[in-house]
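Each of the two complexes below includes subunit A, the first together with subunit B, the second together with subunit C.
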Partner chain A sequence: MTRRAEAGLIVAAALIASVGVAIVEFTRGNWLNAQVALTFLAFVASFGGVHLAVIRWAPGASSLLLPTATFLTAVGFIEIYRIDSEAAALQRWSLLVAAATASMVLWLLRRTGVAVFRRYRYVILAIGVAFLLLPLLPNSWIIHGATVNGSRLWVRLDIPGTLRVLSFQPGEIAKILITIFLASYLAERAEAMSVVSRKIGPFKVPEPRHLGPVIIAGAAASLVLIYQRDLGASLLLFGVFIGMLYIATGRSFYVITGAVLAVFGGIGAYATFDHVARRIEAWLDPFSHITDAGYQTVQGLFAMGSGALTGSGIGLGRPDLIPAVTTDFIFAAIAEEMGLAGSLAVLAGFSLLIAAGFGIAIRSRDRFRKYLASGLTIVISLQAIIILGGVLRLLPITGLTLPFMSYGGSSLLANMVIVTLLLRVSHEERL
Partner chain B sequence: MPVLFFNIIKLLFLLLLFLFLWQISRSIRSHLGSNPGTRTEGHAAELVILTGDTEIDRVRIRPQGHVIGRSPDADIRISDPYSSEFHARVGIQDGQVVVHDLGSTNGTYVNGRRVTSPTSVSRGDTVQIGKTILEVR
Partner chain C sequence: MNIALRRAAYAILTAFVVLAVSVTYIQVIAGPDLRDDPRNPRVAAWRTGRQRAPIVSAEGQILALSTPSPDDPKLYERAYPEGGLYAHTVGFSSVLYGSQGIERTHATDLVSNRDATISGVLHGLLGGDTRPRGVRLTLQHTLQTVAAAALGQQRGSIVALDPTTGAILAMVTFPTFDPNDLVGANAFAAGEALENDPDEPLRNRAIDQTYPPGSIFKVVTTTSGLDTGLVNASSEFPDPVALALVGTDSTIRNSNARVCHDGVSVTLEHAFIKSCNTVFAQLGIDLGGDQLGRTSAAFGFNTAVPFDFDVLTSFFPRQGTIQNDPAATAQSAIGQRDVQATPLLMALVAGAVANNGTVMVPYLVEEVFTSDGVIESDAEPTIWRRALSPASAAVLSDLMEQVVISGTGRGATVPGVRIAGKTGTSEIAGEAPHAWFIGFGPVGAKPGEPRIAIAVIVESGGDFGESATGGTVAAPIAQQVLAAFFGI
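Now for the complex of A and B:
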């Protein structure tokens, strides 16, 4: 696909967003208004801007990622606009900030490429862990952590002299930094780790010291679970770790150990933590907890069920009945108003994005770039799987955002940066 | 009447979503090169014979590869006394052009360096077989 085709598809996706906004306005009894134009402009300016940055600083990059990302963002945006127009206006600004950050990342890497991360990997790890721990800052400081819905993953900055606060989720950035570190660590260690010399019964196992990373992964994940009470981020972190280990070594041993650890960790968390236990009970039998913990899941199921094949039509359903619908349950809202057809389109979009990401990883010649591309793709896919599984009641519900689609500036920014890094990696393969 | 109207809008919008996905999938297909009309961008795909006595002067590398040599059964036949009957094979592996020396007497050289194991080459590299020089483009 040529750059021109990419630009065309980005404009087409921006058009989809503004058509959706126009339909929402129409169902409210308004005709075309400024919102439609603003949406179109925001999408063209942000994704078009990244597109120009790619032409300028990474001309060899794959042209499949950006249009797909624009499409997913557009469909999510329509639903956010339909549920909460004020939030959508904020989301437009986040989109511009995210695009500016993405372009800046491309500019920063224009000479050095992603290889520069290898040199500073321990600095990157330190920053990543610091970001992960940032929400634990005491409430009285200017920059302080905040607890929202029982999870402590927000950081707020009080702007002095006013009542305004700037808030963001540092965990979103931390997951990228930790992935970069893992890729660079595995690029050097994977070969040693893939040697399975010992045998216990019928199982081949690697040297005990190579188990270290798996244990560290489990420890980091449980730390997040204990201190931030965030089940989703904990699962994501652990999954990315195990997934990358498997890709780097090709040994199912790590996956099996990881799965066993996860199951025991899950059982342990169920027995120890109230909030985990409540969620798992609400997952197993949401209808008997319909008044409290199961309410969100049940509302989501009703919403998706009422959507049927083609949905109620944008602006004609009641997705606003679901708690946290613009963030965690955006997919239920899409399934209600755009039906099975619309939700399959979203899943197809994710599949294309993920396939493109792994395609870049396969084509990469350098180990580090290969692991980086696959790790970043795992982050997006696992996050989508965990939250979609939660919405569809295949997994317990966890508070993760659906990449590109959910409302939230930090999440949008992090996902844009992930796509940018993938673009950069694909560019370096063409040099 | 408005119900019908809203239903039409709804279906048109869903159609729009799938049209977009269809466009992207088409682009992917051309990206993968399964569409014979398009050439994979950026990847070396042609072998150009720079010096030497051959019947053809350039050939598109096919996925299953070509055997180069003096034998009449070679895919690319070169009349070069320093070349072996079946001298080397040029093929595509994981999207990359790879040169295998087939145990030739005088060796295969990539950019002037003798290669014994399968070596991946990229655009602009030269491959020397006997006195024949080929370039990957």
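Now for the complex of A and C:
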């Protein structure tokens, strides 16, 4: 696919977003207005801007990723606009900031490439862990943590002299930094870690000291779970660790140990934490917890079931009945208003993005770039699978955003950066 | 290294296939259940908030209509101008309590089926008509009004039907409720109160309640005797004060505790007119429980009645259970002991006699019409079963006419119209008796002449209490409905 086709598809996706906004305005009894034009401009400026940055600083990059990301963002944006137009206006600004950041990342890496990350591996790890712990800052500081819906994921900066607050979820950036560290760590250690010294039953078991990383992964995930009460982020972090270990070593031992640890961790969390227990009970039988813990899940199911094949039509459903619909449950809103057609299109979009990401990893000759590309792809994949599985009741519900689609600036920025890094890796492999 | 990478990629893409299957299941297979779940708040906007076509009586009286909501011009509110009069037949369509009655059974006609279901989309694509359609009932507003007024504040039910077609002309039950309460602002409290009411106002007593039929069951016992050739109207029976039941200490007495005629012998005709228990108990013993059971089954006992709504099945003891128990057979022959019948079935019993022995399938919907008044489908009367021979029907018709002329059913007399009937006073231990009347008119109708069959039950004697009989309580109520039907 050529760069020209990429540009055409980005414009097409921008048109989807603006037509969606026009439909929402129409269902409200309005005609074409400034919102339609502003949406088109924001999409063309942001994704078009990244497209230009790619032409300038990473001309060899894959052209599959950007149009797909634009499409997913557009579909999510339509629903955000339909549910909460003021939030959508903020989301447009976030989109521009995210695109600017992504372009800046491409510019920064224009000479050194991603290899520069290897040199500052431990600095990156330190920043990543610090970001992860940032929400624990006491409430009295200027920059302080904040608890929202029982989870401590937010950092807020009170702008002095005003009542304005800048909010950010540092965990979104931390997951990228930690993935970069892991890729670089594994690029050096993987061979040692895949050496098999003994067997327990049918399983080939590596040296005990190589179990260290798995234990660290489990410990980090539990810390996140305990201190920030964030089941989703904890599961995501743990899954990325285990997935990357498996890809780097080829040893299913890590996956099996990880799964066993996850199951025991889950049982332990169920027995220890009330909020986890309530969620799991509401997952197993949401209809008998319809008034409390199962309410969100059941409202999501009602929304999706009501959507049927072609949906109620944009602006004609009632996705506003679902709590946290613009963040956790954006998929249920799309399924209700755009029907099975819309929800399968979204799943197809993610599959394409992820297949393209893995394709970049598979084609990479350099070990670090291969691990980096696969790690970043796993981050997007797992995050989508965990939250979609929760909405579709295959997994307990966790508070993760759906990449590119949910409302939220931090998430959008992080996912844009992930796509940018993938683009850069694919460019470097073509050199 | 790439092997593990490929495996991981396949695993993740497989997870997306699972997600796709799962969302397809939720949206398509489980979709209709989730969409119609009464706890789904969308049901409010879709089912009740959408415009529904009207439901009208046979004469076109509006029984249910949609008006634009004053709060939201896109939504409609459902109203029932006749209140409790049609609560159990028209039913209601409520946010909180779902829908009932015709509002439920004809929901797909009443609401536009231009929706997002597979069948809805296909229907529209194939050029089907997706406009909502109104429903015209067989119920006659004048008759329904008179019936409800005649029953008054007494617990019970009235069913009137056209015996030649099965069309229900009136179906009244008391106590009733106002369906407007269940769609209004205080629906929750109103619904709670109705559900907790010991008199069960939500129950349609015409079809959803069975009672011991008592003496009106003698129509079935007599049919059994006539159809088997065992007796005719002038057959003689002994006339004791009390019929001793073999194998028990108990006896069967007539309601006035006297002999039926002269204490020596009495004809079947005289016993039918006076409703003497001793004679019909003896006839039952002579026929045997199994033969009575076969005749009951021919009338539709122990069988589900095909109708617009579920009808509670009326009961007569099964084959073999009372055949060798003369005492039980004797009590069953006069409609006591375990025999149970719905008012609808007893109206059909009267209708069978009126229609030369043929029972028609009862129905409530005359036609379904489009918004421009085109009739899309109308009722096609169908035969349900043959209950008795035309010859027996003629004999019973004559006997029942004599009941109204000179017997227990004189209260149902309509001047100038030949009315036939049978009264019943079914005893319940420790309670006032239920008062029954079944009947029809006119006797010997010419083809095409309007006919009506009716069943009336007043629970626990109604306003008369312990002293109530079918003749004093139920027959006069039937008289008012019959008179209204014949315009007198």
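Just so it is clear, the second predicted complex is superposed on the first by the 431 of 431 C-alpha atoms of A that agree within 3 Å, B and C clash if a C-alpha of one lies under 4 Å from a C-alpha of the other, contacts with A are read in each partner's own complex, and residues count from 1 in each chain.
Going forward, a residue touches a chain if its C-beta (ideal position, glycine included) is under 8 Å from a C-beta of that chain, and two chains touch if they have at least 3 such contacts.
Here the structure is a predicted model, which is why all the values come from computation and not from measurement.
With both complexes brought onto subunit A, simultaneous placement of subunit B and subunit C is permitted, the two fitting side by side without a clash.
In the superposed model, A:L153 makes contact with neither subunit B nor subunit C. Of the two partner chains, subunit B and subunit C are each touched by A:I362. With both structures placed on the common chain, the touch criterion links A:G349 to subunit B but leaves subunit C unconnected. When the shared chain is aligned, subunit B and subunit C each come close enough to touch A:G311.
When the shared chain is aligned, subunit B and subunit C each come close enough to touch A:G339.
Using the contact criterion defined above for the overlaid structures, shared-chain residue A:I180 touches neither subunit B nor subunit C, since it reaches no partner. Once chain A of one complex is fitted onto chain A of the other, the partner contacts of A:L134 are absent, as it touches neither subunit B nor subunit C.
Touch criterion met: A:I385 reaches subunit C, while subunit B stays clear of it. Taking subunit A as the reference, the larger set of touched residues comes from C, when subunit B and subunit C are compared. Closest C-alpha contact of subunit B with subunit C, superposed model: 8 Å. Touched by subunit B in one complex and by subunit C in the other are residues 310-311, 339, 355, 362 of subunit A.
The touching residues of subunit A, when paired with subunit B in their complex, are 1-2, 5, 9, 12-13, 16, 19-20, 23, 26-27, 60, 62-64, 67-68, 71, 75, 310-311, 313-314, 316, 338-339, 341-342, 345, 348-349, 352, 355-356, 362-363, 365, 430. Residues 6-7, 9-11, 13-14, 16-18, 20-21, 23-25, 27-28, 30-31, 41-42, 94-96 of subunit B are the ones touching subunit A in the complex.
Contact residues on subunit A toward subunit C in their complex (touch as defined above): 243, 246-250, 287, 290, 298, 301-312, 317-318, 321, 335, 339-340, 343-344, 347, 350-351, 354-355, 358, 361-362, 367, 370, 374, 377-378, 381-382, 385, 388-389, 392-394.
Contacts from subunit C toward subunit A in the complex involve residues 1-6, 8-9, 12-13, 15-16, 18-20, 22-24, 26-28, 30-35, 37, 39-42, 45-46, 115-118, 121.
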